[in-house]
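Just passing along the structure, written as structure tokens.
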Amino acid sequence: MHIGIIGLGKMGANMRTRLRAAGIEVTGYDRNPEVTDVATTDELVQALPAPRIVWVMVPAGPITDSVIGDLGEKLDEGDLVIDGGNSRFTEDFKHAEFLATKGINYVDAGVSGGVWGVTNGYGLMVGGKTEQVERAMPIFDALRPEGPRDEGFVHAGEIGAGHYAKMVHNGIEYALMQAYAEGYELLEAKDTLISNVPGIFKAWQQGTVVRSWLLELLVRALEHDPNLSDIEGYVEDSGEGRWTIEEAIENAVPVPTISASIFARFVSRQDDSPAMKAVAALRNQFGGHEVKKAD
Amino acid sequence: MHIGIIGLGKMGANMRTRLRAAGIEVTGYDRNPEVTDVATTDELVQALPAPRIVWVMVPAGPITDSVIGDLGEKLDEGDLVIDGGNSRFTEDFKHAEFLATKGINYVDAGVSGGVWGVTNGYGLMVGGKTEQVERAMPIFDALRPEGPRDEGFVHAGEIGAGHYAKMVHNGIEYALMQAYAEGYELLEAKDTLISNVPGIFKAWQQGTVVRSWLLELLVRALEHDPNLSDIEGYVEDSGEGRWTIEEAIENAVPVPTISASIFARFVSRQDDSPAMKAVAALRNQFGGHEVKKAD
Amino acid sequence: MHIGIIGLGKMGANMRTRLRAAGIEVTGYDRNPEVTDVATTDELVQALPAPRIVWVMVPAGPITDSVIGDLGEKLDEGDLVIDGGNSRFTEDFKHAEFLATKGINYVDAGVSGGVWGVTNGYGLMVGGKTEQVERAMPIFDALRPEGPRDEGFVHAGEIGAGHYAKMVHNGIEYALMQAYAEGYELLEAKDTLISNVPGIFKAWQQGTVVRSWLLELLVRALEHDPNLSDIEGYVEDSGEGRWTIEEAIENAVPVPTISASIFARFVSRQDDSPAMKAVAALRNQFGGHEVKKAD
Amino acid sequence: MHIGIIGLGKMGANMRTRLRAAGIEVTGYDRNPEVTDVATTDELVQALPAPRIVWVMVPAGPITDSVIGDLGEKLDEGDLVIDGGNSRFTEDFKHAEFLATKGINYVDAGVSGGVWGVTNGYGLMVGGKTEQVERAMPIFDALRPEGPRDEGFVHAGEIGAGHYAKMVHNGIEYALMQAYAEGYELLEAKDTLISNVPGIFKAWQQGTVVRSWLLELLVRALEHDPNLSDIEGYVEDSGEGRWTIEEAIENAVPVPTISASIFARFVSRQDDSPAMKAVAALRNQFGGHEVKKAD
């Protein structure tokens, strides 16, 4: 099998490595000349045997739009585009419909695993027609972790279902991280009693109910920096977390922990909170409570 | 009627003023010689006609304990102690039991209204035996706002019920303030569209569903400082808010908005968040996402 | 002044009444022949003096779209359409742009006050060009509560700002209601101590920090049904609450109390919670805790 | 080594099994004659070689109090009591102080692992004097999972630190479960797109960021009952979750996800929500929105 990848950033380049290691021939394209295999997407298209498979691994949004638009021009009927990036599932509907006008097939693939995927394998959630998913199965089998296929791969439903599942995965991920983080702060705060916070997390790795991969990562981080003194409590968020809330709202699903997690990230990035200024102002008004003067 | 007040801070002194304006004779004691009417609590006790009524208006906790302990020594059977401070309702059980061993009566009074109470009157929530509450009614009538008694005063139940109602009042108050504050931040954030944030709050004062006294106070604050630039978003919390959560937990009552309000205050006082350090560390571990280095 | 109103439901009919009482001539159209003044919107347009003003008061979404589409066909250059319904502010951009192609002006008006507005007046938040807002001021003055204009009316900003402010108003409203509701449940739960829950709410009406119009309404409800035994805890939500969360997410504004309020409504409408089934299943799996069997 | 266990319920009996399998002699006492090794605690004390070690594994609260009171009477100076139950850490201070008056030593041990611990080993968090912890190390080594000691065992600090760490562990556990549960509900709700919810959870087991032991348990549950139709969404909570919130409040630590998790459990057990009755009543009052009549 010989496929193309467009986008050779951290994720795309690692996936190329893993695919090649599994014996799949890969031609990769990236704007960065230092990592690309070909100079143009035209070259990429020419390099691939028909019917072609092209895996798109670029940032969600306008860049993915533009890459898929370009592929729509250059690919032929019967080819297959797989969007492995973090696109919103609603984008899949649009992309699939556009490509379908040219007779080009489409599969969406949510990919989890981060920088560890190249060695551990990637968790894959896929949406699309069964026939197309089957066709790409050697790719999925190469990318996913070893072991039973259904423990690292799922055909979740129609087009969009892969990215939807990945979106929910990330929403859960946000809340899991926040849960450990709240526990960490509680243990840190009780320093009159608790003398070994990193040791507690380390000890939770076997036998406990809270053991997980994220826990292992937190143990690693605490081994490196036992009270996280080098790190500022400033946390970005990405599209999937936000879309999860929007889908929850749309479907009337209560998501108190996922929303709390994303709000905590918003607060973490504020120098000062307009809302808490308002609360301070109110307390001052009714109770004569002093406010802290801003500098 | 002639009563004693112990504690002539901002609240106690204002209440003495309002009571005297209503024709009630008041002898006040405070450690501060500039505001006290008598030099000692012995003098206070001697100045009052028996059976005496003493209103305690000192900080909740050890100071209230100590004042009530002192009164237990000095008052006589049939006297009445009213705790108008912000004691936890569980303290009322202890104080009433102690005083009862001396035959001294007890009423707890939750008081709302802040610095505005001296002119507007105070909202009063009272717990205790009907006979004792009736006995102190002239005091309550003088302190509460003008108008129908039941719109500014309630006999909420047995001993402790007054402070319990006040505790819940404050828990609600926290969430109301947070609600307006979130709305304020949303309007501030949309400065590409919204050109008159203070004007919006001002306009909500009549006819809308959200009109309230707190809204009026926020309007005052915004008239003084339209974007709250002089104020830091740093907010203290007091016992009642915390006790409300503890009671909710104890009685299995979900209180998501009240707890969110108190957590927002906790965060507002942190220089950096240990929890968010942990989340940042985790993101760095699995995704190679950069962290902000602490200074 | 003589204006048209399209939509004579509960809100629109009341507004017609209030406008007429203020001396403004109103021709109203509604599909319901029992309440309409004219048989068709053509008749409505013919009845109005040019340049015309038409107030649209129909459900947000497709119906508003259709009414504005119809007006775009029938009105003339220089006429003014005011959308007083609960449209999302993003719809205003679309509607204004469409009407502008015909030279028709547009103002959006958020309206608060519910069934009480006909007597108390409506709180009004308006967006649009100053010239057009000025032109409609007699209407706003008639609809808003008596008293200073700026306590019941605001020109909040450009087109969309009125509905944006109303959206935030409703988000706040959700959280305010939830705050009182949590306090109510806490007081109800403590029935060993609290003997007079309705009396407590009634007493909070004067002098307290939590006094508000919503509190007065809760007092009314409790006077009618002291423990709300006739009412099921089932609560709908409307667009504005949801849009508020979406805007918060879009602008990275933490809104923990507003989101908690909307999630509480989602839960209130569920017969059983899929999420809590999953938690019950998990507890059963790791701890052997018994689950309640579904019927 | 030969130790005693008091309490042979699900956890205690399993621990006896695991200890014996590791070559530690165990004499167990339980009120239930079918599982006990001795008829009375007197017999248990006589059966053990001095200085004795007794592991207490009974329900937290009065029963633990009573067992430790009994042991205080019957044990000798130099003996060691280990409370392996789910006691609140503040109880440890009381129990240790009481036993110290008799010269009896004390260690608190938080134990995680549920019904799986007998085969997988138990995660152990221990508080107390180093000397006493060392003394009991063969027991801890037998109970904890195989592998490095510090991945299943921690000496977390002074007396109380073990139960404190376990309390935080359970608080985190609540939020982790709720996170997966919210994701589950989101996937279930999107049944127009997602055709394989159990398969998605199964596929998350390898390679993803959200892989964990709880996830594996959810997969098991879904394999047994793919849409959890046999289970009602009714979830109990135990002391540790509540204490976690109380400690958070006490230490001003924001715990939005942990509190959201416990509130979701409270709601899950309500037939109807008093709070949501109040919200429904309010909506009816201001907007004339219909309420659902209670039966």
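Just a few scattered comments:
Every chain is named by a letter (A, B, C and D) in the order it is written, and numbering of its residues begins at 1.
Going forward, a residue touches a chain if its C-beta (ideal position, glycine included) is under 8 Å from a C-beta of that chain, and two chains touch if they have at least 3 such contacts.
The shown structure was predicted, so the numbers you read here are calculated from the model rather than taken from an experiment.
Across A-D and A-B, it is A-D that has more C-beta pairs touching. In terms of the distance between Cα centroids, chain A is separated most widely from B. Over half of the residue numbers found at the chain B and chain C interface occur in both copies, marking it as a same-residue contact. Spacing of chain A relative to chain C, judged by their CA centroids, is 37 angstrom. For this pair, chain A with chain D, the centres built from the Cα atoms lie 32 Å apart. Our note on geometry: chain A versus chain B, Cα centroid distance of 46 Å, whole angstroms. Multi-chain contact residues, meaning those touching two or more other chains, occur in chain C at positions 114, 178, 180, 182, 185, 189, 209, 213-214, 252-256, 260, 263-264, 267, 273, 275, 286. Residues of chain B touching chain D in their complex: 209, 237, 242, 245-246, 249-250, 252-256, 259-260, 262-264, 266-267, 269, 273, 275, 286.
The residues of chain D lying in touch with chain A in their complex are 89, 112-114, 117, 120-125, 127, 144-145, 147, 150-158, 160-161, 164-165, 168-173, 175-176, 178-180, 182-183, 185-187, 189-190, 193-196, 199-200, 202-215, 244, 247-248, 251-258, 260-261, 263-264.
Put simply, chain B touches chain A in their complex at residues 10, 114-116, 177-178, 180-182, 184-185, 188-189, 213-214, 217-218, 220-222, 225, 228-236, 256, 264-265, 267-268, 272-289, 291-294.
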